[in-house]
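One chain, chain A, links the two complexes that follow: it is found with chain B in the first and with chain C in the second.
Up next is the complex of A and B:
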């Protein structure tokens, strides 16, 4: 594979990433705009689900096309580090939400 | 090494074996830092999530957030992420001139983003929503402000790299520093996705 092909392939990856990211962002903002502009057109839970799902997909798109990280490459320990960090984040975030949420509920019950 | 020779996150300089080998260790080290930064942001997000109801009778997100402004900021940061990608391609395939130009465009988008964010903060404070108003607003300003500080640091770093490129050209060290700046910049855009999806958009849905 020569340099010119490599360049085209990598340029195409950035363009694909940009295109997908724009579509996903427009979907998320569009859902919120629709809920705001036309009351009753779209339910609150649909909007929240749209935001959550498009965000999750967009994060993967950014990792794949901008940071060039995917599941095929395992030479370096990058992926293991990402998975370990994800585990730490999951434990700490879920723990915080659980404990502080529980605390709030119990304190509210007293009021 | 696989067929594409990808040994570290971000664009890989696999056309230059020596730079490629040297970059592997340095980029990995920077990646470790980014993951620790990710933990920091994750905890700020967790704090924010537990504080969304703690408005103490003050304004909630829906009262003070602006959809249009958030949309512009999202567009600016995404555009800057793409233009940085173009700069990365110039490091690998192109020349000094166009690399400099793409970096300047990226810096412009980053600065505009910060301008809009600053305007948002000023508007919120003028509307009676400063960080000291409630637990919710404290958590909001810490989370979004920390991201803003990171973008500010990224902008300063771009200026420093532009100076280095002007003085040293695209020397090996300069290239490897650019790889790390690229990871930092793209990482900040990923954090912003989480910010508009966790903070702004749900706050605006009634």
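Up next is the complex of A and C:
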């Protein structure tokens, strides 16, 4: 009986995750499709932001529903490592963009 | 097909020109390498020890043996790099108004190999070896999480080191410095094989280090003994954890940078070229994205060693344990925010430089916290001036000097003045010799009895210590002055008379360092001969506080017959206090340990072959090398029996022998630690 409840709960979690993943993907593709199909319907920056935001939420959905990372104590190590990785990658990528962008503005803008 | 074509197919760019007969010095160096390798091979054959080495060492997956092999590798490479340093110092001592004895090209090869070896093949293997040996014992584990991967990491690192040695015999090494900046290292400026040697040696070693980082981090997260919470771990394990995480994140940018440079050189791409959209500034960016965290990969494990050594030889709990842990974490995160300070002068705007300059100065804060914590650990401690403690005291005096010059250099305005001068060389040697090298040597002295079952000779240890410190001060303090007098680094000759006194003193210092290295060799010789007097099989020669001392010396294959139950920080100390140490368990169980595997040596040799083949454009060998590496991995996945079982009776026998030795050894007081009375069984003393 208990086992069956677990199974149902797990199935529901996976299905919720799948549903959210599909919705988020459709939103991103939809934004691009709309911009392509109906010129002037939404601005380019809106499209870019939509893709970026849905992607970020998509990452969270995958962690939460498929990799079972949540805020419980037993998952704390994993969560900390994921957040730390995110921080380091952010530092590396943002730093690189800043430095090379700055150098480009100062030295290569004429090219 | 003509003969030349066939030759090219079989041997690539190799030819008689690759042999080092263009200069007497290069030929001598090659001769030493060839004779050394042949001599070692002949000696092993004569002693009939190939089978023993293969079975007991090369294919062993025991973390202790892998750790020892790492340290041996690093000491061999240290010897070569110190000799190179001495040659450079000699050159600068005689090259006033003359050409000296080294041509500029050869001098450039020397500073490139010196830097590359010291970072990738001395410092990295040394600290990896120490962590490998000590960390699983300290957390109460029987091995690392991935023993086979550990062996593969060692194989890859050794392959890189092998390429470095081969480059002395065949072809010339890169002249582009240890950082190998393009466009100078691009095909257009450097059509030879030098940069290729550098690329593949560094790539192999960086792959090995990435795997090592993953292995150590997982081990610390997953393999701790019952009761060993993160905040009960010895500080060395904390620094090992932070250094491993840095390895995981910092090594890939290097692998990417060298791989992209290889694409430029081999496939005609333009990532870092002058023309066709290449951007060599991104190489500096990528390289130091690795390079700066690397500095902290190098310095954090020694910080761990200092914490262990100072606490142990002061007979106190480490002062400010939590602050040391948080300082270590802070350094680990901050180390990813400062990489621009290696290229302040590259041309980015003052805003960028200011941000990274401030971040750089911030790192001084957690490091300062650590220095004070160590000093306060000494305060009112029961301090014994053993060799590791002497190194620790030298570190506490000399390292902050380097830190202060680092704070100076963190200011971009100052950096513009002394950039590319010997001031910088003095600064980073001031960090790495008292910080890293002394730390590694302190750890080597401290844990040597644990690894081999006898203590190192104190007298020769002190002689080596005195020579290291005096040599370091004489060799590098003059470089600060020379740097402020604007002597550029990497100069093979100069015409300014004012430099000469300083370069002479520095050369003398370098000779003292060479003497220090010789003293270390003498120490090993003397210690091995007197090993019966200093035998410490009972396992606790320094009245230790952490779990590695709760085993015999050397520890059995399985480390702990029963995994220890940890009740608090300094677990073994608590056990001794409560009388739980050396207690015979109720029953023994069968223990599984990893079975030997040839994967490490096979992947290492295949990697070395592939690297060598790529350097010389020998297509067939490169393909075979790469396929062998991949094939070995696939073949390994079909091996089903990866462990062997040590039967409970066998464990009981081994443990009984150790317990008898402990019971038979008289307790030794801390005063008598360095005398023959020390049999590895510490007497309980009040504080």
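Throughout what follows, the second predicted complex is superposed on the first by the 103 of 111 C-alpha atoms of A that agree within 3 Å, B and C clash if a C-alpha of one lies under 4 Å from a C-alpha of the other, contacts with A are read in each partner's own complex, and residues count from 1 in each chain.
Everything that follows uses one rule, which is that a contact is a pair of C-beta atoms (placed from the backbone, for glycine too) under 8 Å apart; a residue touches a chain by one contact, two chains touch by 3 or more.
This one's a predicted model, so the numbers in the text were calculated from it and none came from an experiment.
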{"item": "Comparing the two partners chain B and chain C, which touches a greater set of residues in chain A", "value": "B"}
{"item": "First, second, both or neither for A:77, with chain B first and chain C second", "value": "both"}
{"item": "Partner chain in contact with A:69 - chain B first, chain C second, else both or neither", "value": "first"}
{"item": "Chain B versus chain C as contact partner of A:21, first or second or both or neither", "value": "first"}
{"item": "First, second, both or neither for A:100, with chain B first and chain C second", "value": "both"}
{"item": "Chain B versus chain C as contact partner of A:92, first or second or both or neither", "value": "both"}
{"item": "Which of chain B and chain C A:12 touches, first, second, both or neither", "value": "neither"}
{"item": "Set of chain A residues, in rising order, touched by both chain B and chain C", "value": "77, 85, 88, 92, 96, 100"}
{"item": "Interfacial residue positions of chain B with respect to chain A in the complex", "value": "1-2, 6-12, 15, 24, 28, 31-32, 35, 38-39, 42-43, 45-47, 49-50, 53, 67, 70-71, 74-75, 78, 81-82, 85-86, 89, 92-93, 183, 186-187, 189-190, 193-194, 196-198, 201-202, 204-206"}
{"item": "Residue ranges of chain C touching chain A (in the complex, touch as defined)", "value": "221, 245, 249, 253, 279, 281-282, 285-286, 289, 333, 336-337, 339-340, 346-349, 351-352"}
{"item": "Parts of chain A lying in touch with chain B, wherever the complex brings them together", "value": "3, 6-7, 10-11, 14, 17-18, 21-22, 25, 28-29, 32-33, 35-36, 44, 47-48, 51-52, 54-55, 58-59, 62-63, 66-69, 72-73, 75-78, 81-82, 85, 88-89, 92-93, 96-97, 100-101, 104"}
{"item": "Contact footprint of chain C on chain A as seen in their complex", "value": "77, 84-85, 87-88, 91-92, 95-96, 98-100, 102-103, 106-108"}
